[in-house]
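One structure below.
The first chain written gets the first letter, and so on, giving A, B, C and D; residue counts start at 1 in each chain.
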Amino acid sequence: MPETIIQVDNLIKKFPVGKGFFTALDTISLRIESGEFAGLIGPSGSGKTTLLNILGSLDSPSSGEALVLNKSIGKLGAKEAADLRKEAIGFIFQTYNLLPVHTVYENVEFPLLLLKRTKKERNLQVEEALEWVGLQSKRDSRPSELSGGESQRVAIARAMVKRPKLVLADEPTANLDAKNSFHVLDTMKELNERLGVTFLFATHDDKVIQYLRRIIELNDGQIARDYTPEKRQQS
Amino acid sequence: MIRFILRGLLRDRSRSTIPLLVVAVGVSLSVFMHAYVTGIMGDMVRQSAHYSEGHVKVLTRPYAEMAHLNPIDLSILNASELEEVLVHQYPEMDWVHRINFSALVDVPDSLGETKEQGPAFVMGLDLLSDKSTEIKRLHLTEALVRGRLPQHAGEVLLSEQFAKKLSVEVGEEFTLIAATVYGNMAYVNFTMSGTIHHGSPAFDRGSMLIDLSDARDFLAMEQGSAQILGFFADGFYNDDTALEMKNSFNTLEHGEAEDEYAPIMLCLADNPTMALYLGLGSQMGMWISLVFLLTMSLVLWNAGLLGGLRRYQEFGIRLAIGEEKSHVYRSLLWESLAVGTIGSAVGTAIGLFFAYLLQHYGLNIEAFSENASQSVMMPGIIRARITPVDFYIGFVPGLVSTLIGAGLAGIGVYRRETARLMNEL
Amino acid sequence: MKLAIYIAFKNLLGAGLRTWINVLVLSFSFVAIIWIKGIMLGWDHQAKSQLIEWEIGHGQYWHTNYDPNDSFTWDDSHASPSDTLLNAIKEGRYAAILVAQGVIYPEGRMVPVCLKGINTTQQVLKIPTSFLSQEENSKSSAIPVMMGAYMANSCQLKEGDQFLVRWRDKDGVFDAREMELVKVFATPVPTVDAGQIWLDCSTLQNMMGLNNEITLLSLPSNESNELLFSNEFQFKSKEFLLSDIEKMVQMKSKGQSVFYLVLLVLAMLAIFDTQVLSVFKRRREIGTYIALGYTRSEVVRLFTIEGGVYALLASALALLYGYPFLLWQYRNGFKMPVDVAEFGIAGSNHIYPLFSLALILGTFLLIAFTTLLVSYLPARKIAALNPAETLKGRLS
Amino acid sequence: MTRLFVSFIGKNLLFIIGFFAITNLINAQITPAEVLERVDANLSANTRVFVSEMTIHGKRFSQTLQSKTYSAGNSKAFTEYLSPAREAGTKLLMLDDKLWIYTPSSDRTIQLSGHMLKQSVMGSDLSYEDLMSDTKLTEEYEVVSMLSEIYQDRKSYLMELVARTESQSYARRKMWIDAEYFVPLKEELYAKSGQLLKQASMSDLKQIQGRWFPTQMVYRDMLKNGKGTEFRILSMEFNQAIPEHLFSKAVLR
């Protein structure tokens, strides 16, 4: 029985621009079940990142309801929002956003530190996560010593290491070449299938779109289409 | 190119304002600190100079030999004439007459009989004339405890402790007894117009300030002065100038060649205790300033480094456009040179401004303490002292350290790849 | 908190040179403040302990009329102590002093002096009284006396010189005799030097016609020993006797505090600048922390702690070079940059600094607190950042 | 008769001295006590009233003071300064060991404490006590020894005296007393310790009311490097009745 991970109802998000407002998200309703491998697509400024940020509790809705894991984002305090991210949500960014002075191992370990896992648990889980992304050999490297693909795989490992319910990935392949992009996407897909983690992407990269099992198309802050691509189902 | 650099500096606040601010603050602190230390170290010397030594002093040789006994019979008798000579030859100095002597204070009861008696150290100095600089020099207004400063002949100030001991009240009269220059005893009544706090136990115990002309009448010395003290206009002792003045004065003939009582000039450093303080002051001042300069250099080095680091992204773009690495590096150095120079100049100006304020007005540290009491000896006022060094000392950390910092930060331009620099932010 | 400190450490150590310059500046201020303050404390302590050693002992008994600064009182400020006390004085357990006025005539000049007769057996004060004992000096008919180096210098007298002294005895009758300067001693305490002539107490008692009478008495320890004294003597505590010097010290320390302030400001300037850059440059990192589950205030705390860690690292570094340096200073003293003796003034050329735990801890806390404060101020801006924006690393 | 004789002597002092020298040799058996008595008889009196002039030589300046003194024994004395103008009108009253000074400049009476009497007067080589009191040698001193000696061509007795009381300013005196006139010609004043404090030499003997009195004296404080203080008697009257109010503080106003 699939569990509802995200439930969005009539979500509106406005940003102040000059004297007026710019409506980034205009009455959006959406529902995502556990285990999905879905993506928000659309041109720049269509509201993908805004929605992703709200779902990641980095931002809050102007009106409407956004429930993530049954928690209403708009009603969360700073502490509760941070707890939600800490425990249940993993982020993957276009620019990797690794902590620059920490090693690969330490970057991956970081979320577990926040969760106050014991050293033994941490060791086990970090090693496992590094194995998923195939970077055991780079465990002591600094982010500045890694290639883009390696950096993004570290970011994936960091997002996955705590086994979150939901991973939000914002343009994860934008800075990668094709080879690395596919490598990263394969890794994510495999983790989705093996661990049942829900993935929600924001992207306009065709390489990513090829992998998605559900596509939510945004246009001017509204959902234009929400569909399951045929060819993926066929293959 | 220079115009390009300047435009960049002026338009980008993170490139100009913050580093400039840091350099300026750092330099102003260095300059201020140096002036402050110089001021503090000169404090002891200044007080002694004001009380008894002057920056230079003119007196007779026999007086100088027995100065500890205040032998007023060995005073300069033609002091006014001599003052004219001094004012003419050394117009930049402030010349004042002083007559110190030991006396007995006798306080009458209502019947005029002796009630209390005590030995007093009396300082005769110009309290009444319009051009008197002494009241300011000795902070007498601030040091006043009761009553007011003398306004008429025959009015004197007693140290508060002494007045209490003798139980003299403001406005009351007492008799002062002392030997005149001729050796006979003079008995004259004076009125206590007020009391002051000296801040030096020796002076507070039993001293009295009396107007110069009162002292002259009292001691039967007409135009005489025990000593003529000379003060530099800026209020600070300058050993080289003083020595020069002393030598030039002492080679001149004053009066007849055989006159045992011909005046001689001594400078502050002729007093061994003062010489010690002067030596100690300049040495300690140097050491303390050195510590500050070193610290400051590190701070500005860091600032220079940060200034370079802030701009890695910009460097990336510039390299991408096709600028040469060495050119980027050189322009970084030029910029930091500009920042260092402007910052040092501004900082020096700010530091000098605050040092000047502290030199001119002084900071009343006593005001912060509970039982605020000002005194002549320790007016509780801290003063800075600006010396020529202060005009350039700030440039050492301001310019050199900033450059070194920028130079180090710029090494990154060579080490890192263009793309990485661009992404660095 | 523990985690924040761990991360802060990691972040700083990872930043390399920049961190170490800051740490160096901070540790420098740390050591300099302790050092300067230690020297000043040591100086004051030295002045006090020298006064105790040379002049006051651990408290004194004064004759009720005695006022050391009013020579008029000296004629009437002496009395005979009890027999028990006399014995104790004879044994040298107290330093007993009879004070009188006199005038000496070195080579015809007239110098008013304070005559101080002290029991030669005394063990309380550092004054080398053994030189005064009669057996040593029986050859000469002149009274053996001592004076400090400053006094000898200003009277132009040297050991072996003789000069006349005139005094008034208990009846006010003038008397005069030859004195021989048998010892010139160097003392850092001017109040036992300038204007003072030291001689055997019993000699002065004879001169004055005051059998066994004394003016004051210095105690070897803090005991006040009321029983020994008649009510002609009054106890003066060490604190009372040191109060003048104490006042000076307090006055001085106010002027010095500006040094510490400026040193601190300098160090803080470095940290402030670094923090401003951090907040500015590490926005994306800030966003990452938030994405990983930090609240903004937790990030503020992290950055503040990073500042605090500077203080910790600085303390460690300060310990590394400061400890041997301060220890060396503590053992060997700070050599005054000027040779005091050159100026004809006796005194130590070394100041032995004093470092108390309170001083070190106090300085540490001061630095840690101010560091946290200047780290907090720029970091406070983080709270106002939009995490979604910071993630992109854009300037807002 | 006596008075005639006195004036005669006054005019022919040198001759007289030679004449009496012979007489004195005859009286060789005089006892020390008798010598002192004769000296006292010359110098000391129930009361003395004299005008004197004192020249004080300072290191740099010299000045001369004129004063008139009334004294009765060694416990009461009153002095008024006559000149110079600056000092004229200053009055000193000594009663036992107390001294009051009145000065017109301050219009005040100031009391000096006991030991001030032993301080030098205005930087001179004399103390107030030296100046104002009349010490009866026979009462205050005991003779230790007496020798015949020629002092400045005069036959004299060199007497050594020791004070009877401790509070005497000079514990020991050496006096060269003219063997003929029983007037001291030279005096050395010693402290208890034996230190010579002052030296005085007397000259210009004059006969006043049948007494011989030295009218010119030079005092020197032997501890100082000074030129000494000259003291001259301008007029002297012995045993005049002095109104009691002169020895009361009322006189000071």
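By definition in this document, a residue touches a chain if its C-beta (ideal position, glycine included) is under 8 Å from a C-beta of that chain, and two chains touch if they have at least 3 such contacts.
What you see is a predicted model, and the numbers here were worked out from it, not measured in a lab.
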| item | value |
| --- | --- |
| Any chain in contact with chain B as well as chain D | C |
| Joint neighbours of chain C and chain B, given as chain labels | D |
| Remotest chain, chain A as reference, centres from CA atoms | D |
| Top chain pair, ranked by number of contacting C-beta pairs | B-C |
| Inter-centroid spacing, chain C versus chain A (mean Cα positions, whole Å) | 66 |
| Intercentroid distance (Cα basis), chain D paired with chain C, Å | 59 |
| Distance from chain D to chain A - Cα centre to Cα centre, in angstrom | 123 |
| Shared-contact residues (touching 2 or more other chains) in chain A | 95 |
| Chain D: positions in contact with at least two other chains | none |
| In chain C, residues with contacts to at least two other chains | 110, 393 |
| Touching pairs - complete list by chain label | A-C, B-C, B-D, C-D |
| Chain D residues within the chain C interface of the complex | 114-115, 117-118, 166-169, 171, 191-195, 197, 223-225 |
| Of all residues in chain C, those that touch chain D in their complex | 75, 103, 105, 108, 110, 164, 166, 168-169, 171-178, 207, 209 |
| Residue ranges of chain A touching chain C (in the complex, touch as defined) | 49-50, 53, 56, 58-59, 78-79, 81-83, 85-87, 91, 93, 95, 97-102, 106, 110-111, 113-114, 116, 142, 158 |
| Chain C to chain A touching residues, read off their complex | 3, 6-7, 10-11, 13-15, 284-285, 287-288, 290-298, 386-388, 391-393 |
| Chain B to chain D touching residues, read off their complex | 62, 71, 73-74, 106, 108, 112-114, 117, 175, 177, 179-189, 220, 261 |
